[in-house]
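Heads up, the next two complexes both have subunit A, just with different partners, subunit B and then subunit C.
Presenting the complex of A and B:
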């Protein structure tokens, strides 16, 4: 499909690049180091960090927001470490996720996960089974989180509101 | 014994030779044929060299044959020592019995000894036929002509002037400065090009050593390297440079108009004009194509400097060397309709964009489409708009387009303009260039990998279509202005000039260097050098480097008398010459002209390749230092008394192929001792007669080892020789010599290893044929005794 360059597209690129960490996008010369090193790209052919950077350059918002593309990134920061131009694709992906949250495109699984954090203080429930395993490894039981406090902080920053409002 | 007093020395080389070759036997065998013989342990040692000198004096020897290592080792030392004793250089023969004998036949003492003896005999017979030769000296004119007043011509002129040399700088436009003065900024430093070039231009006008001829063209160049006669046509400009004070009153009253070349024709100038304010010389010029001949300027001029009837004038110069620095022009894009240049107003060339970006440019520093006045907020660059395109006939990279586009992109990004650079490859090799590329990226220029296929109008914008190879998708980009990067090409005028100077150009129509790596500022012609884009597209940095280099070449060339080596072809028998001009045709150096129906060979231009000599159907030509008589004497000397069973005569090109053969010896490769070597400047020196002569006198096979086609010292001679030998190969069958007894191949220096196989294979072929049949040889001998 043909990409037609538009004002909106340029505006979207500007918005991504305003996010701290994503400023160096335009330095990308598409060498593909990020993709070759990416543990996800090895298994998921449609996840190509190089192409994500390129799509942002073209301001291809819809293409970026569709499906689970942005949420495939494991956040391992290998691309961050290896990029010869310090483009920081991982930060660009974070910036894109932030925009997807702002605009209500949070993936349902992630929505459930975040709501779980607000409720339990952990991304999954800690029960006796987990604590027995910790004991076997010589660790103390997991601390009981201050769930009220966590939820308060999440709500105060506006994060929880955005998570709850996400309708995808 | 004849009158010549020949001394022969045979070197043992501390066993390197004498462990294989019976040196005493050779001395014994030859002693009755010459005046003096001696065997030395180390011939190159000081006591031995002194011994040679003493013997020459004591025995009154006039000719010397030294059988030792390759002449590439000690020839110069031996020669200078013998010259001290009054021996003419033509009377020294060195016989290579180490690299080409003892080292390669180490298991064949008998064969090697016979071969060494044969070679010594060959040299003795040859040196008898030698005549004394003197190199001539030619006075050179210590002045230089520089053609082209761009940054290359300016730099060379200034450097030569600093050196104290008289320089004549000829520029076709009214001012020097070339293309560089059109650029507002230069990469990668982004400094103002006018600021750095203007002082140099002023220096040219003030230098006492530089005579500047602007608005002038080189009309004719005759003469020889070191002494050229040049006719310069100073075009009529209607203004006396001596009187014009550059006040510009004439310009204000002039009604005539023409396109402004300095601004790439984007606006108009007057018919009487100064191309730009800092022009050198700072005078006005009448463009007679636009002049209405109203006389207003003549009346208005307060200095009385204008004469509308200026007829122009011709000036004659006498110079020793010439530097070509005529630069380039952009390829005419009207033949490439896909880019819409000349059709859509918002498609411009990169040079036009340079002017648009100049604060003093045709748009007065406003960023607008020149023709429509529309404001420009987005610009797309189309790289390789014709370059690297065999269809366009410009298969080469124009080398500066990536960088000037990056530069323009930076200037545009500083003004917050959207920039798209469509490229195939971004090529930014060079000091500080990668950094410049990264800075351009950081400033936000968008790079799209994929060649632009077409540009189509869309409203008052144009749509640029290309693929984005990174995404594997098509891209359509509407922009306000498109800048094309056309191929950089040589001008028609330069091509004509090169042709008239007989300076060869390459397939891309740039001047061919004498050697692309090791002698890049020399043309194929002596005394003519080149700098800048005339030798291929390049940036200012490389251009000035070449300009400095060309100046050094000129200084070297004109720093003393020229030595003319005594190796030239000459008309030995004017009586039989029928004026057929075959020699004129074949001469690779264009050194032969006809005068009164006879060829005149220019000693300065003749390289001594020998290619003309076999071309003469009447045998009227010969060569100094390598006459037919010497060559034949050498052949029969080697073969006549040889007792070897099988004899192969190998003619070897004396520089590269000979070195390869030496290297085979140094590596102690082995090949049959049947091979006896005679060195020649090129195989083009050989006549069919020489080959038959060799068969008549005992050769059973004849081989030629030519230099590689394009690397040999004698240029085209090494190319035509192959065809010639091929003809001989079939022609000798008329004399009942089987064509398989003749072998031609080329020897590349690094290919020395293969020589072992080449020699052995040919030996086996000849061995298979057996010695040449007696009746064939006898018949040949009757003709070639």
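Presenting the complex of A and C:
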């Protein structure tokens, strides 16, 4: 496909590069160390960290926001550690996830996970049933999280509101 | 030695064998692990990728509880380790960010002061208890047993933040394995991620990553040890899903240590391990 670097594309690139950790994008010389060492890229042909960096340079937002692409990063930091230019593709992926949340495109599984943390204080429900099992194992009851406090914190930053409004 | 013990959601609800063995081995070494009242999820490694400040605040709320207890935090999940360590460092080093996060934390009646450290259990064992003191507690030996360590990513990386071990050549788990008399082994792709974090996105990718490691380790060793609930679940579950189970025993590191210390299998929750540890137990001498 023809690539046109429109004003919107440049604006998108600027937005990504404003995110702390993603500032060094333009240092990337496309050596592909990130893709070669990525445990996900080995199994998922469409997940290419080098390509993600290149697509951001050209502001190809639609292609980046497609499907579950941004959520395939395991956050293992192998690309972060191995990049000879300290581009930190993992941080670029984080910047892209933040934009996807801002625009209401959070992956449904992530939406449920984050709402769960706010509601239960844990990523799973840990209540009487789990505590009975724990007791059988001689373990103390799980700490009871201050769910009101956790929810208030997640709401005060505006994050929870964005998660709830995400409609993908 | 006393620490605030941050168990983490996944171990609390899914892996009693990990928690039991971690507590028992600590007790045997004279380490007190105190529960953290009101603590909850660390925030997950995902949250910080979606919203930096919220990630810091949710993590800092837990750290603030340890600060109130006046104790450093010990974690047993790599995810929690990374999230809490990152938040702790960033908030200690950046007063402006700390002020912003504390404003949000006031909603939960907490304040981050920056008075404690966070470390993974295995680091606490090696750095604070010491390998010699651990060695002294050993009553039995796994002589001749070849044990592969899987470190997992978030115990080590990013290096400049975790500063716990060399991410390209880590030694802490292998050193602990050696105290049991077992032979710590190297194997190809030792440092590869378990891909646990994408289990909820594309499950088959995680199973494929997991099975590759299981098959490799099978060629070189007798068992695999982990220090993270997500890594553990990946290597256990990927085997159970095969028509022919490769039957590579996966143990939580404190389980291996505890067995060599003479603790019994019930105390260490070995029965909860879904791939039988028979071949490991049979090799215990003394």
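What we mean here is this: the second predicted complex is superposed on the first by the 152 of 168 C-alpha atoms of A that agree within 3 Å, B and C clash if a C-alpha of one lies under 4 Å from a C-alpha of the other, contacts with A are read in each partner's own complex, and residues count from 1 in each chain.
By definition in this document, a contact is a pair of C-beta atoms (placed from the backbone, for glycine too) under 8 Å apart; a residue touches a chain by one contact, two chains touch by 3 or more.
All values derive from a computational prediction rather than experimental measurement.
Should A:139 be classified as contacting the first partner (subunit B), the second (subunit C), both, or neither?
In the superposition, A:139 contacts subunit C only.
Applying the touch criterion given at the start, work out whether A:67 contacts subunit B, subunit C, both or neither, answering first, second, both or neither.
It touches nothing on subunit B or subunit C.
Go through the superposed model and pick first if A:39 touches only subunit B, second if only subunit C, both, or neither.
Only subunit C is touched by A:39; subunit B is not.
Is the number of subunit A residues in contact higher for subunit B or for subunit C?
Of subunit B and subunit C, the partner in contact with more residues of subunit A is C.
So, A:104: does it touch subunit B (first), subunit C (second), both, or neither?
In the superposed model, A:104 contacts neither subunit B nor subunit C.
Let me test your reading of the model: by the given contact rule, A:81 touches which partner, first (subunit B), second (subunit C), both or neither?
Only subunit C; A:81 stays clear of subunit B.
Determine, under the contact definition given at the top, whether A:161 touches first (subunit B), second (subunit C), both, or neither.
neither
Over in the complex, which subunit A residues touch subunit B? Could you list them?
1-5, 10, 24, 26-30, 50-51, 54-55, 57-58, 85
How about subunit C: which of its residues touch subunit A in the complex?
7, 9-10, 12-14, 16, 19-20, 23, 35-41, 43-54, 57-58, 61, 104-105, 107-110, 153-154, 157-159, 167-168, 192-193, 195-198, 200-202, 205, 208-209, 269
In the complex formed with subunit C, which residues of subunit A make contact?
20, 39-40, 43-44, 68, 71-78, 80-81, 93-94, 97-98, 101, 106-107, 109-110, 113-114, 117, 121-126, 130, 133-134, 137-140, 142-150, 152-157, 159, 162-163
Can you tell me which positions in subunit B touch subunit A when the two form their complex?
Where subunit B meets subunit A, its residues are 418, 420, 426, 438, 441-447, 449, 468, 470-471, 473-478.
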